[in-house]
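Shared chain: chain A. Partners: chain B in the first complex, chain C in the second.
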Partner chain A sequence: MENNKTQNRRKFIQNGVRLSLLLSLGTVTAAALRKVTTDDYVWQIDPFECTQCGRCATDCVMKPSAVKCVHAFALCGYCDLCGGYLKPDSINRDTAAENQLCPTAAIERRFIEEPYFEYHINEDLCIGCAKCVKGCTSFGNGSMHLQIIHDICVNCNECSIARVCPSNAIKRVKASEAYLVKGDFSRKPKA
Partner chain B sequence: MKNKGIIIFLIVLAVVIIAVIAGDYLSGRPDKSAPNPFAYDVNDFKNVPEELIHFTESKNFKLGFEQATSITIDSDKLYVTGDKKLQVIDLSGKLLSEINLPDEPKTVEVYNDKIYVSVNNQILVYDPNGSLLNEWRNSDENSMITAISALENNVFVADAGRRKVIRYSLQGEKLTEFDGKADEGVVHGFIIPSPYFDLDINADGDLWVVNPGLHALENYTEDGNLREHWNNTTMQTEGFSGCCNPAHFTFLPDGRFVTSEKGLVRIKTYKPSGEFEGVVAAPSKFKDEGEAPDIATDSQGNIYALDFDKKMIRVFEPK
Partner chain C sequence: MNNRTINIIVWALGAVALILIIWWVQTDPTADYLVSMPGADNRGKGLAEQDVKIGENFEQFATDYTEMSETWPRFRGADFDNISKSSVKLKEKIGTPKIVWSVELGEGHSGAAIYKGLAYILDYNEEKRSDMLRCFSLADGKEMWTRGYNLNIKRNHGMSRTIPAITEDYILTMGPMCHVMCLDRKDGSLRWGLDVAKDYESEIPLWYTGQCPLIDGKTAIIVTGGKALMIAVNCETGEKIWETPNPNNWKMSHSSVLPYTFGGRKMYVYSPIGGLVGVAADGPDAGKVLWETPAWNHSVVAPSPVCMPDGKIFMTAGYGAGSMMVQLKENSGKFSIEVLTEYVPKDGLASEQQTAIYWQGHLFGIMPKDGGSMRNQLVCVDPKDPKKPVWTSGTENRFGLGPYFMADNKLFILNDDATLTIARPSTSQYIQLDQVKIIEDAHDAWAPFALANGYLLMRDSKKMVCVDLNL
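And now, the complex of A and B:
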């Protein structure tokens, strides 16, 4: 009788341990599944809402800003007279500093064939001031636009640029779809 | 005494906390920030001296369209497209008739009581009662028809997607096409960086085509041989700026050009020689960075601007 009692206690403890292990395993599995199936969120700029106010350059906690100009080549007209590259009424259409709109000379102009030129953004030099974006949007096809670059962005809880953005263009997006690049992403028609 | 010190400390702390919160709230808000140090400033080019403005806005009327797309005038009736419809309006703004279209129209031309509308890059031909007379099929997926103009037995169509002008017969038979290249070896003809590629025929029967990448207006024979051209590149009032201007143009009854630009949105007139004459509507008349209005003229020399942003037709008459 005493022996049975001891066996029952031992069995009870064994079952308890088994149950605990099973529960732990279930919890870990559920946590892992949740991590895999749900998305983290990051900050990104909706290029169709951006008004090129310049605050991405001045208000980001990163210096220089984590916001950079990106170029949707599929939308570009490859113009000789590029509104994003040249100052308004520039003296000549060439690469002289006096003619360049970008304050840090972050745009490289490459000759393709007469009269077409390709424009590349040097991300290391770009400060996200959106001057080129304004010129391209006003006088070109709007192929140049701003994006938050996620290997630079520290993903603050409260984005310091989003806080001052006058058009609320900066919003949380899924980390799996972290970029809103023109051409890949189109403005959804308003309901 | 000890309690009094604690109370004073707490009051000071509360004041400091309130001051910090208030300061944080007031500074850095979108409407409280410093001016943009990187502003793209074209304000100097928006100012037009009053003596250069030769037209005045005499009236305007709201459109029944959410998204208008084009305007033309024939026999002093306005033909306006948009929202899968074509509306015929008299010059006072009264709706005369309406034709439902199968899809979104892009451009319209009226010639000899036939209405030519581009829908999905096909050309649909209607009679004034709205009966579909003909449909000219176009299977090229790169096509983007942006303008139509007709004269005698020719219908000229500007295809911005293929950078060509196509000449059809009135029956819809494709007769020829040309790309604006002066010679076989020449690399480029029409330079069309964006979907703005207009053409029109003046009272003398001359076909003029915009070469927007060159800021040029070019006169071609019906077979595509360049006869003459003029261009004017500058951001100043007398010229064209940006990648692709003029976005639209038409003719006054006496042969003067009327041009409409995007970027710096403005409407201007040029003499038949291409010499700048004056301004119809300065940039201050339009929304900043708005769309270039499509334009048409009546027999009295009044200019009708289809203002896409304000969704209205604005009428400018000579001063």
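And now, the complex of A and C:
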């Protein structure tokens, strides 16, 4: 009789733990599903509308900005003379500070093979100033462009850079399609 | 608390403050910074030298063709001004374009030249890994023959980008890796070849050679860079006539040599990487520098100098360089150059790739992407003040990096996607006549036009078409 009581108590605790785990798992799954399936909105930059004014670096509430440069490798020309990496009329085409356009040296340039170079953005160093985007858009294929990075962005209800964006390039997009990366989407024709 | 204790505390605080000040002064707040030095990209040692036998490959496909009367014999046409003087009347409303023939090409931006019913284009054949001059019948696009050489190159925003120079007797080409080939025009037989980069230890320009070679009479004029700045070669024999020294070590640009006569002297004007120069074209001092200036010095220069009758020379370049107007002066056989104005692209007429047209005392050009509010617009300026547009094509009429030229009192403009715009040349306003898409799904239609007998040759990066513009 005493033994049965002990077993029942243990079973009760075990079942309780199982139920709690199941409930927790269910809650997490439901929350994740809800996040994926519900149409919450986040802020994002349309790279085709962006005019590289530089305000993303100065007006975001996050310091440094939640806006970073991203690189669409499929569009890149892998040029030695990269308009996004080098200052216009740079003295030399190399990695010396005086030749780099990026004020924080956030772009890493690597030689691949003649005549190609690859450019990586170091997100930790990027401040979203858009200098590289302006150079790449003006003189290259436009593969470098700005995006709001959502693990940094706090998704303000009234996005402070959207308020000052001169080209209205910052808009609300569905959280399930939170990025407008060049190459992944193309400019939709205006109705 | 007695005085001794107070003194100890004061001295202790003073000592701590002193230590803190020393620490503050000694500490380098940038100690954790990495210094960006050259070489971090591990740049390679350049392309391996190739043993190129210039002109080794020849194939003949046909011999008969329809001979015609007109020519477009080189870059910017017979008079180097990009204006056709043909009396053939051309359509100003194209409707459905009459594509007479088309041909697939290797990826690139090389343009065609036309000589009496034959069209010539230097192409890169990716399958055969060879540079080849291709000769087509202008009337029907039938391929007549090819002459070329094996060469391994990789795509680098296209692989071909020059226009042959054609005369009655000779054809002169310059390939992506600076290989010069001189052929007999009548049968395509090889006269001579020259490996400029190897022989003159010169640097192959970024994205390969853009210099269109020049034949002046029976003399080939080629900018080499490296051990010489410019050379003249006898087209008949391949012998060097003169070499211009290059003490400044100026480099070959994508610009081309333009003949110019001013102050009683004929000269070759060129914009190398490093400056702007005029080289004597004839006389006992042929090949000598008549004048030069380092004032125009930019890392990439594609447009060629525009030389005007009053001695003004307009230079422009892309990648943020902007433009410069200089005044050439002659006094007792001595030449001097004065910079009249220099400005960034947003402040006046500028161009990234194409050379401006000088017509009726005005300059016409399409602004680059960094041209501020005028970006990508066709702009007309008075050379007296290239910063002040006489007119622009407006925000609703923007173009790209494609070519533009004049013929039959019409201005033809090609957009990047091979949309052809026809406008009425005017020094007072932009007058658009027609706009029509010529090549479907086209990209990077940047090669200059060629026109003869009403047949207009144009191309995008992979296809050349012949459009019949005859009325």
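Operating definition for what follows: the second predicted complex is superposed on the first by the 154 of 191 C-alpha atoms of A that agree within 3 Å, B and C clash if a C-alpha of one lies under 4 Å from a C-alpha of the other, contacts with A are read in each partner's own complex, and residues count from 1 in each chain.
Here is the rule we go by: a residue touches a chain if its C-beta (ideal position, glycine included) is under 8 Å from a C-beta of that chain, and two chains touch if they have at least 3 such contacts.
Just so it is clear, the model here is predicted, and its values are computed rather than measured.
Of the two partner chains placed around the shared chain by superposition, chain C is the only one that A:110 touches, whereas chain B remains out of contact. Residue contacts after overlaying the shared chain place A:65 against neither chain B nor chain C. Within the superposed three-chain model, A:94 lies in touch with chain C and out of touch with chain B [touch as defined at top]. Contacts of A:138 after superposition on the shared chain: both chain B and chain C are touched.
In the superposed model, A:54 lies in contact with chain B only, and not with chain C. In the superposition on chain A, contact of A:81 is made with both chain B and chain C. Touch criterion not met for A:147: it reaches neither chain B nor chain C. Note on chain A: of its two partners chain C and chain B, the one contacting more of its residues is B.
Once chain A of one complex is fitted onto chain A of the other, the partner contacts of A:130 are limited to chain B, with no touch recorded for chain C.
Counting contacts as defined above, chain A residues 77, 79-81, 83, 88-89, 113-115, 134, 137-139 meet chain B in one complex and chain C in the other. Remark: chain C residues 34-44, 46-47, 154, 156-157, 206-207, 298-300, 318-321, 352, 368-370 touch chain A in the complex.
Across the complex, chain B is touched by residues 52-55, 57-59, 77-83, 88-89, 101, 103, 113-115, 129-131, 134-135, 137-141, 163-166 of chain A. If you check the complex, the residues on chain A that touch chain C are 77, 79-81, 83, 88-90, 92-97, 100, 105, 109-111, 113-117, 134, 137-139. Residue ranges on chain B touching chain A, taken from their complex, read 28-31, 33-34, 36-42, 45, 187-188, 191-194, 213, 233-236, 241-244, 262-264, 289.
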